[in-house]
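Each chain carries a letter (A, B, C and D) given by its place in the written order, and its residues are counted from 1.
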Amino acid sequence: MKKDLPSEVEERLRQIENAPYAIALKMETVSVGNGEAVVRMPIKGMTNALGNGHGGAVYSVADQAFALAANSDGDPQVALTVSISYLKPARGDLVAKARKVGESRTTGVYEVLVHDSEQLVAIFQGIGYRLRKRENR
Amino acid sequence: MKKDLPSEVEERLRQIENAPYAIALKMETVSVGNGEAVVRMPIKGMTNALGNGHGGAVYSVADQAFALAANSDGDPQVALTVSISYLKPARGDLVAKARKVGESRTTGVYEVLVHDSEQLVAIFQGIGYRLRKRENR
Amino acid sequence: MKKDLPSEVEERLRQIENAPYAIALKMETVSVGNGEAVVRMPIKGMTNALGNGHGGAVYSVADQAFALAANSDGDPQVALTVSISYLKPARGDLVAKARKVGESRTTGVYEVLVHDSEQLVAIFQGIGYRLRKRENR
Amino acid sequence: MKKDLPSEVEERLRQIENAPYAIALKMETVSVGNGEAVVRMPIKGMTNALGNGHGGAVYSVADQAFALAANSDGDPQVALTVSISYLKPARGDLVAKARKVGESRTTGVYEVLVHDSEQLVAIFQGIGYRLRKRENR
């Protein structure tokens, strides 16, 4: 985690990292800050009928990177809608890299690339909805 | 599971149901057959920082229902691309209901509705790519 | 158009129907009201390199039906994000049928089916963002 | 257009550029080649009820750039599924820039950014399906 984040942002990121689901799936935050995040996840035990990473597992690590990136600067965001395209079977531990690609007054758009040990296996595009202060109350 | 499915289809569905990831997330197939499927999943231990169902968990149960529905008739299919929209925080055990809404020569389109114990929480639209016999070899 | 719509809603729908782009593409509203809308569009002059309906034309008639449906009840909505899947080449005049499939406090989710003279050619899923009164000012 | 493209590819791109719909909407190819394309389109006469670029118009210019990019190298591709997110109202002539971001054996994934005269107004992600030689017959 970047060392110069406001304590409010740091606290929020800590909660996302320690979410029960993220822990159950053994996700590990490699880095986070300034609208970007990198998350790693082992594939062991998370396979589908063909022995490759399950579509839900590939999505989950990308979603976690998206959540961290989208909450690493400015107002908190919740996921509104996501599209994911699967390019190759996932055959090893996964790394998801999220970055902000655009934003509006109410939304942020993030691209997440998921690689296995060899290549790009999925592309994820997430739209986050900004929770502004008055809506947080 | 429908009782009149061809043994080849039944075998394929059994493998999807018994995928390590589906078992790890305690997914349970309620019904499957004729392009439709219903899958249930407990939310316990699969929550996000706010105590609601993690986006990856909500997606995963929908993806499993999609995989079962898409493999319950005709040629096997693999997920090509999916879009999911989150409507409400998921606050109890999840039920995902998948049904085929359209198809082309090479693809099938499935809609999956995810409900928690009270209401519709997410809408998932998955595009499956048909693996025809000659490509299976 | 339904005859019992509030005059504010009717005025808004009239403006959407009379948008320069809708007129340029010869779109015709068949019906609208209660979260649903049907729009027709001729394919003549709107073809792609293969002589079928251009992807942009197929999308456009669906988007118009989505806009009408999303503005036919309650608060006005603007398109936030859309996914569309193309199933078959479009080979005749197009009809787009939109209906609401879900909603949250801030969004509405609409499915639009596009048929040509023979069959279903595309499935469109649109997420609208509600403009509440205080944001309209 | 790049000068060193194979004549087969050049011919295909020429047909896409000269599609009746592209001409009707006054689209102009700025550049194309190697999995990339830039297309320009005037906004005049293509507005919505609010006087901004209609969602269908913004999509259409992006779709045209996607079609050109996806057909500028290797096998021809047709659009399978697309997701688009609208960030800002489009308030001037549009420029769509497409580039390939990933691919599998059967698909190509393209990102298209649409700018108006001032800023990024929409992000488009298109999945193309490769038509291999034997399927072309």
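We adopt the following convention: a residue touches a chain if its C-beta (ideal position, glycine included) is under 8 Å from a C-beta of that chain, and two chains touch if they have at least 3 such contacts.
Because the structure is a prediction, the values reported are computed rather than measured.
A comparison of the B-D and B-C interfaces places the larger number of contacting C-beta pairs at B-C.
Distance from chain D peaks, on a Cα-centroid basis, for B. Centre-to-centre, using mean CA coordinates, chain B is 32 Å away from chain D. Distance between chain C and chain D, defined via averaged C-alpha coordinates, is recorded as 21 Å.
Chain geometry summary: the mean Cα position of chain B and that of chain C are 28 Å apart. Taken residue by residue, chain B touches two or more other chains at 80-81, 83, 85-86, 107, 127, whereas all remaining positions touch fewer.
Chain D makes touch with chain A in their complex at residues 83, 85-88, 101-104, 107, 109, 111, 113, 120, 123, 125, 127.
Within the complex formed with chain B, the chain A residues making contact are 12, 15-16, 18-22, 24-25, 45-49, 54-57, 59-61, 63-64, 67, 78-86. In the complex of the two chains, the chain D residues touching chain B come out as 80-81, 83, 106-107, 127, 129.
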